[in-house]
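A short worksheet on the structure shown next.
Per-chain residue numbering starts at 1, and chain names A, B, C and D are given in the order in which the chains are listed.
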Amino acid sequence: MSIPRWLTFFLMVLLMTTAGTVSAQQQDQTPEALLEQLADASPRDTEAAIKAIATSGHERARAWLEAYGNNRISQVEATGRIVIVLNNRGRDWEVADALTGENLGEMSRRDLDRIAINNAVRRQLAGVLAMLDLFAKDVAVREAAALDLLGKVDDAIVEEVTARIEEEPDAGVRNRLEEALAIYQVEEQGSLDAIEVLSGSLHPRARAALNSAVASEDPARKAAAEQALASIQQKLRLNNAAETLYFGLSLGSVLVLAAIGLAITFGVMGVINMAHGELIMLGAYTTWGMQQLLPGQPGLALILSIPAGFLVAALAGIAIERSVIQFLKGRPLETLLATFGVSLILQQLVRTVISPLNRTVVTPEWMSGSLVINDALSLTLNRMYVIGFALLVFTALMLIMRRTRLGLEVRAVTQNRAMARSMGIKATRVDIMTFALGSGVAGLAGVALSQLTNVGPNLGQNYIIDSFMVVVFGGVGNLWGTLVAGLTLGTINQLLEPWAGAVLAKIIVLVFIILFIQKRPKGLFPQKGRAAEG
Amino acid sequence: MWLTRPLQERSTQLFLGILFFALIVVTVLHLALPEGNPLHVSAYTVTLLGKYLCYALLAVAVDLVWGYLGILSLGHGAFFALGGYAMGMYLMRQIGDRGTYGDPILPDFMVFLNWQELPWYWYGFDMAWFAFAMVLLAPGALALVFGWLAFRSRVTGVYLSIITQALTFALMLAFFRNEMGFGGNNGLTDFRDILGFNLRTDATRLGLFIATGIALAIGYVVCRGIVTSKLGRVSVACRDAEARTRFLGYRVERVQLFVFVVSAMLAGVAGALYVPQVGIINPSEFSPIFSIEIVVWVALGGRATLYGAVIGAILVNYAKTVFTGVMPDAWLFALGALFVLVTVFLPQGIAGLLRKRRKSTDDGSGPSESSSTSEATA
Amino acid sequence: MTTFKKQLASVVMAAAMGAGASVVYAEEGPIKVGVLHSLSGTMAISETALKDTVEMLIEKQNAEGGLLGRELEAVVVDPASNWPLFAEKARELLAQEEVDVIFGNWTSVSRKSVLPVVEELNGLLFYPVQYEGEESSENVFYTGAAPNQQAIPAVDYLMNEIGVERWVLAGTDYVYPRTTNKILETYLMDQGVAKEDIMINYTPFGHSDWQNIVSDIKDFGSAGKKTAVVSTINGDANVPFYRELGNQGISSTDIPVVAFSVGEQELSGIDTGPLVGHLAAWNYFMSVDSDANYDFIDEWIEYTGDETAVTNDPMEAHYIGFNMWVKAVQKAETTDVDAVKDAIIGVTVPNLTGGYATMMPNHHITKPVLIGEIQDNGQFAVVWETPSTVAGDAWSDYLPGSRDLIADWRAPMRCGNYNVKEGECGASAGEQAKAAE
Amino acid sequence: MSIMTELAARDRVFNFLTPTDSPVDVRHGPILYLEDVNVSFDGFRAINNLNLTIDDGELRCIIGPNGAGKTTMMDIITGKTAPDTGSVWFGSRHNLLTMSEPDIASLGIGRKFQKPTVFEALTVFENLELAMAADKRVFPTLTAQMKPKHRERIEEVLETINLQDLRDRPAGILSHGQKQWLEIGMLLMQKPRLLLVDEPVAGMTEQEMERTAELLTSLAGKQSVVVVEHDMGFVRSIARKVTVLHQGSVLAEGSMDQVSNDPEVIKVYLGEEA
C-alpha cells in the first residue's frame, strides 16, 4: 500500500481546496467516473480508485471516503446510481445521492449493492485521511492524525511528513511526527539515530519497530535496539504495576458497589436477600429504559438513571419487604429461601416482559475511551467513573448511617429492637426504610454495571455470590469492612490473574475466604461485645 | 441397637411399606404388562422415577443436617456431584476401548485434548469396589475437612450457609476447568455398562431403579436411627441451644461433624445412583442454585421429619417434569412462588399439615411422636 | 398448530405419565417433529429463536400440503438449559411421543448428553450449531459448521489477506474452544508460525473482568508483527470483552478480532460502536445479498411480528436441515428412520446464501464460509468468501487422535470412525446400541 | 498458656504434666480459685482484679447490683469467656483457662443460666436424659441404651423437681418457674462437684422458693454451690457466706449480717433492692 510521490502534491492541493482557497487543478475525471471506478474496482484496484478520489479535489471527496470507510456507499442495482446510505437499520434503508447529496428517501435492501471494503483498504484509507487531517486547524485533530500515522508512514508520504515536522507549530504533534518518522526509518532504512529517538517512546508501535531491529543481523543496530528496549522495559515495569493496581481497584470498586447494598440489608437488618442481584439487574434495566426514552443522548439518560435506578430498586425493595420479609422476622435462613424465590420470579419476569436477550446500553462519549497517562499506561474512563461512583455512594451511605436520624434509628433498632420500640421508634418503618435504602443502592450498582457488562436477565446471578463473600469477609454490619474487603478481594484477584489465570484466581480467592472465615468467623471487622456474642 | 430401633417405629414401617409397595408395583407393571397397555410403565417412566428417588435420598440427607442439626447447607449439591463423579469415572473406565478413539485407557475427552497418560487420581476407578468406596469417601472426606474447620471455629448459621455456598461454587469453577481432567463443561457421558450390565437395556434401568429404592430405604433407616438415638436428641439440643449443650459436657462440634459427614455420604450415594440413570454428570450439578433448590424440596415437604423431605423432593420434581413440558416459561414463576409461599405460609411444610390432621384424629402420642412435633415447631 | 392444542396434548401426556402409563398413538395421523431447545434457563437466549424457526418451517410445510399427505406436528419440550434434562426430554420425545425426527440442542454438552439416547432408540437428530467436530453418529446430522468450515478458513483469511503473523487464541473454557484452538494451534504451526507467536487464553463462562487479559493482548500485539485475536469466547462474556478492547484503545485496524460465536443475535444486545470493523466467521449472515435470504428474512419478520427480529447462522442450519429431511422423506416415501438415514445422504437443497448444501456420507453438510465485518447497525458486511462450498470434516486432520479417522454411513462401510490406517472400524456408539438390542 | 510461661511459673505443677481427666484435687481445701482476673469488652471493664475462693462443699451466695460482673464471672469459670489476664483453677490441678466448655462441664462444673435455657423442642424427660452424667462422646451417645437404673435416676429427679406429670410434654410449654426447676433438675442429673446457679428463684412463687432453698442447702456439703441472686430474702434464707461484687471486683465478704452492715455495701446498695 504505497502512495506514490505525486500524491503528496495533490494532497497539498486538496488541502487548499478543502481549506476553501481556489485551486487551479485539472479535472481529469468526472466525479461519476471516480465513483464508478470505486464501485467496479476489484480488490486490487480499489487502492487506485481511492487515490483518484482523494486527489480529485471534489468537495465531496472526503465525505465519500468516510462513507466508504463506514460501509455506507452502495450502488442501486437497477440504475447503477451510487448512493450514500444514511440509515442502514431494518429492511429499508434511507439513502442520498452520492453526487448531489439529495435525499432519495428509503430503498429496499434488496435493490442496493454495497460497495465492499475490508480492513486492508480501511488501513490505507486511514493513512490517507490522516494525511488530510495533518493540515487541519485544530491541534487535537492534528495530534490524533499524527498518532494515527505511527507505523503508517511509508516511502510515499515520508517526505511529506518530514516537511510537516518543519512547519508543525505544536511541539506535541511534532514529537509524534518525529516518532512516526523514526519508526519508518528504523523499519525501512535501519538507521541508528532513529533508534535513539524511539528509546524514549512507550508506544507499542515503537517497541514493535525496535523488536524488528533487534532481529537484524547488523550487531550495532542490534545492540542499540536492545539497549533502547531495555530502557523502555524499565519504564514499562513501573507502568504495569500501576496498571495492575488500577485494575484491582476498579474490580474492587465493582465488588464494593454490588455488595454495599447487601451490607445494609444483610449486615444491618440480618436479612439474607438473595434477590439482591435482581435488584442490581433492575437498576441496569432502568438505565436501558432511560436510554430508550431519551434516544440520542445516552449521557443525560445515564445521569438521570442514577436517581431513577435508585428509585425503581428501592420501590421493588419495599415491595419485597412488605410482601415477604416482614413475615420472616428473626428467621434469617427462611428469608434466604423466600428471597431466592423472589429472585427467580424477577428474572423470569424480565425474560417474559422485556426479552430473554441482552439489552443494548450505550456508553456515552465522555465515558468511553481512556485517560492517557503515557503511551503504555492509560486508565479506562468508564472504570474510573465507576471507582469514583463507588466511593461517592460509600461516603453517602456512611453519612446517612452516622449523621442522619434514620441512621440513628436503624442502629438503635439493630442493637435492641424492643428497647428502640419502647423509645417510640417505629421499628417497622425503620425496617422498610433500611431495606429500601439497601435495595436502592443495589439499583445504583446496576446503573454502574450497565456500563461494564451485559444488561440481561442473568446479570444479577453473576454478582450475588461475590457480594455475599465481600460482606462476610468484611464483617457483617460494618460498612468499612465491606469497603476494605471489596477492594482487597478485587486487588488480590487481579494480582493473581496474570500467573494463575482468571478461573484459578477466582477459585483461590474463594478458598482463601473460606479459610479466612475459619480463622475469624466474624470477618475482618467483627462486632464486639456481649450483644454480638448471642 | 440404634439401627434396628427405627424398624419398630410405626412411622418408619409405614414409610418402608409404601416405598417397597411402590417399587413392586412399578416393577410388575413394567415387566408383566405389554407395551401399549394403558397401565404399562415404560422404561422412560422407570428411569424418571429412579431419578426422583435419587433426589429423595439427597433431600433426606439435607433434612438430616438442616432439620435436626440446624445447619442449613447450601453446598450439598457438591457432595451429590462428587459421588456422581466417582461413579462417572468408574463408568468412564468401563467403556474401555469402545470409545470413539478406541483408546483402552484414556477416556475420549482426554484423547482429543491429547493427554498422554491417565492422571493419577483416575487410577483405581476401573475397579468397581474402589469406585464405590470413593462414592462414600470422596464426599465424606470433603465434609470431614470442611466441617472440621468450620465447626471447630464455631462458624454457624448464616455464615456457614454462605461458605458452604462458596465451597460448591469454587468446586463448580474448578470442575469447569478442562485442566482438571474431569471433562470440563461436557463432563462425563456416553456410558456403556455398569458391573457388566449394559446401561442401555431396560432391564438394567429397572435394576438401577430398584437399587435406588433400596438405597433410599437404607438411607432413611440410617437417618431415622440417628435421630431417634440419644445422639439425635443431642443434635436437636445443639440446634436449639448450642451453648447449653456444651455446658452439659457434649462436644457440639464433634456431634455436628459426625452428622454432617454421614449426610454428605448419603448425598454422595444419591449422586452415584443418579449418574447412570440420567447418563451424564457435569459441573452444573455443583451450581449453587441446585443446592438451594434441594433445600426448598425439604422446606416444602417439612423440616425435621425425613419423610417430608422425600415427599417434597418427589413432588417438586414431578411438578418440574410436567411444567417444563406444558408451559416452560411458567415453570420458574411456579418454582419462585413455591419458595415464597412455603417459607412464608407453610413453615412446617406438607408434613406439618399432615401431622395437624393426624393430631386432631388421635391424641395418643408417645415420646417420639410428641418430640417430632415439637422439633418441627422449633 | 395453536399453543393451546399443544398444551392440551402435553397435559394429557403429563397426566398419563403421572399415572405411570405411556400413551399409545395411532400409526397414521400427523408426522411428529420433536423440538428440543431450551426455552428457559441460560441458553433460552439463543435457543428460543431456533424453536420458533422450526415451528415456522413446519407451518410453511403444512401450508404447502404437509408431507406424504400427512400433516406435520411440532412437539415442543423444554430441557431448561439443564444437561441431564436434555437426555430425559429426548427420551420422552422418542419413547413417549414417538416423534419421527428431532431438531434441537445448542451446546456441545447437551448434544453429548442426548447422543446415547438417540442412538439407543434409533432416532434422528438435526444439530444446527457450529461445533468442535470429533464426532459422527449414525443418528445425528450436523448441519452446523465443523472446525474446517469456520475456524480454518477464517485463519487462512487473516493470514493471507490481512498478513497476520502473531495469534491470540482466546476462548471460554469448554470443549468447543479447547478443540478448535488445539486444531488451530497445530494448523498454524504447520503453516510455519512459531510457538511464541501463539498466545492461548481461557476464561470461565460469563467472564466479566477482561482488564488484565486485554492488556496482555495489547502487549502481545506490540512485538512488531501483525497480530489478530481468534475469539471462541462464548455468549455473555463478549460484551465486556469488546467494551474493554474499545476502552483500552485497541481498534479493529490495530488488532482485529475474528469471532466464531458472535452472530447477529449476540450483536443485538451489544453497543456495536466499539466493535465496528471486527470480524466474524460464519456460513451465513443476515446481510447476505441473495433473494432466498431476503425471502427468509421477510417470512421470519412476519412470523415473529417483530420488525427488528434478526436471523442468524444456526437458523439457516435448521432451514437447511429441515428441507433436507423433508426431501429425504419424500425420496424414501416414509418417515421410517433407517430409510430416511439412507435416503438423505447426497440430498441437495438450496441454502440461504444463494448456493446449495449437500448432505455428505459423514452426516455433515457442505457450506460456504463467509468472513463478515461488524457494522454500526449490528449487521455483518461480508468481506471475504470461500470460492466454493466446503464439506464438513467430522474428524480433524490436525488432531493426532483423529488424523486417520473418517466417517461414512453408506453401506457397506456404515462406520462413524473408520480408521484408514488399520483399515477397520473402531467400535462406535451406534453399533454398541445395535449389539445391545 | 505457652510452654515458656509454663516453665517460668515454678510455683505450681506444670499444666502439660497434669492429666486433665484426673479427679479434682481438693486436698488443699478450696475447689475454685480466681486470681486477679480481668475482662473488658471494648473498653468497658466487666471484671476488675477479681479474687475469689470457694471451698469444697461450701454454699456461697454472690450478690451485687446489675453490671457488677456476676454473669461474666460465671462465663469465665465455665469457659464461655476468656479473661484478658489472671488465672482460674478448679481444685489445685485443673487450670480452667486451658479447657473448653465441654471439658469443664465433664470435669464437674454445672451451670444454670440466668435466663432459664432448656431444650424446648425436647420433652422434660429427654432434657434430663441429655443432662445425665454419662459417656458423652459421639459414638457412645449414638449407641447409648436407656438402662433401668438411668430411668430410675431420672424419675427420682422428676420427683424432686416435681414435674412427673409433664415428663412427656415438650419443655417449650413449661412456665418460667417450671423451666427454672427443670434446669436445676438437669444440674442434679449432671452430678457436678460445683454448681453455678444464676438467679434460681426469678419468677418463682413463695413455696417454690422455699423448696429451692431446701434443695440447694441439702446439696451443700456433698457438692459446692455458688448462687448468684438478687432476692435478698432468698439469699438470707440460705446464705452462710456472702460475697458482694461491685464493678467487677469483690467489695465485701462474710456472713449475711456482716456484709449487710458494711457501710461500703450499704452505699452501693442505697436505693437498690434489698
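Definition applied: contacts are C-beta pairs under 8 Å (C-beta built on N, C-alpha and C of every residue); 3 or more make two chains touch, one makes a residue touch a chain.
Composition by chain, UniProt nomenclature: A, B = Branched-chain amino acid ABC transporter permease; D = ABC transporter ATP-binding protein.
If you're wondering where the values come from, they're calculated on a predicted model, not measured in any experiment.
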Chain at maximum distance from subunit D, centres defined as averaged CA atoms: C
Pair with more cross-chain C-beta pairs in contact, given A-C and B-D: A-C
Chain centre separation (subunit A, subunit C; CA means) in Å: 31
Rounded Å distance between subunit C and subunit D, as computed from the means of their C-alpha atoms: 74
Separation of mean Cα positions, subunit D and subunit B [Å, integer]: 44
Approximate Å spacing (C-alpha centroids) for the pair subunit B, subunit C: 35
Junction residues of subunit A, two or more chains touched: 348, 351, 503, 506
Residue numbers of subunit D (touch at least two other chains): none
Per-residue overlap in subunit B, given as positions that touch at least 2 other chains: 173, 176-177, 329, 332
Contact set on subunit B toward subunit A in their complex: 72, 74, 146, 149-150, 152-155, 157-159, 161-163, 165-167, 169-170, 173-174, 176-177, 288-289, 292, 295-296, 299, 329, 332-333, 335-340, 342-344, 347
Complex contacts: residues of subunit C adjacent to subunit A: 40, 42, 44-45, 48, 161-162, 173, 201-204, 206-209, 211-213, 215-216, 218-219, 221-225, 236, 239-240, 243-244, 246-249, 252-253, 256, 265-266, 268-271, 273-274, 276-277, 279, 289, 291, 294, 297-298, 301, 307-308, 373, 375-379, 381-384
Complex interface listing, subunit B residues touching subunit C: 26, 29, 35-45, 47-49, 51, 97-103, 109, 111-114, 173, 176-178, 184-187, 189-192, 198, 200-201, 278-280, 282, 284, 318, 321-322, 324-329, 331-332
Subunit C to subunit B touching residues, read off their complex: 7, 10-11, 13-14, 17-18, 20-22, 24, 39-40, 77-80, 82-85, 87-89, 91-92, 95-96, 107-109, 112-113, 115-117, 120, 134-135, 173-175, 178-179, 182, 202, 204-205, 399-402, 405, 416-417, 419, 426-429, 432-433, 436
Interface residues, subunit A side, partner subunit C - complex: 70-71, 88-91, 109-110, 113-114, 116-120, 122-123, 126, 204-205, 207-212, 215, 243-244, 247, 250-251, 254, 348, 351, 356-363, 368-370, 378, 380-383, 452-456, 458, 462, 493-494, 497-498, 501-503, 506
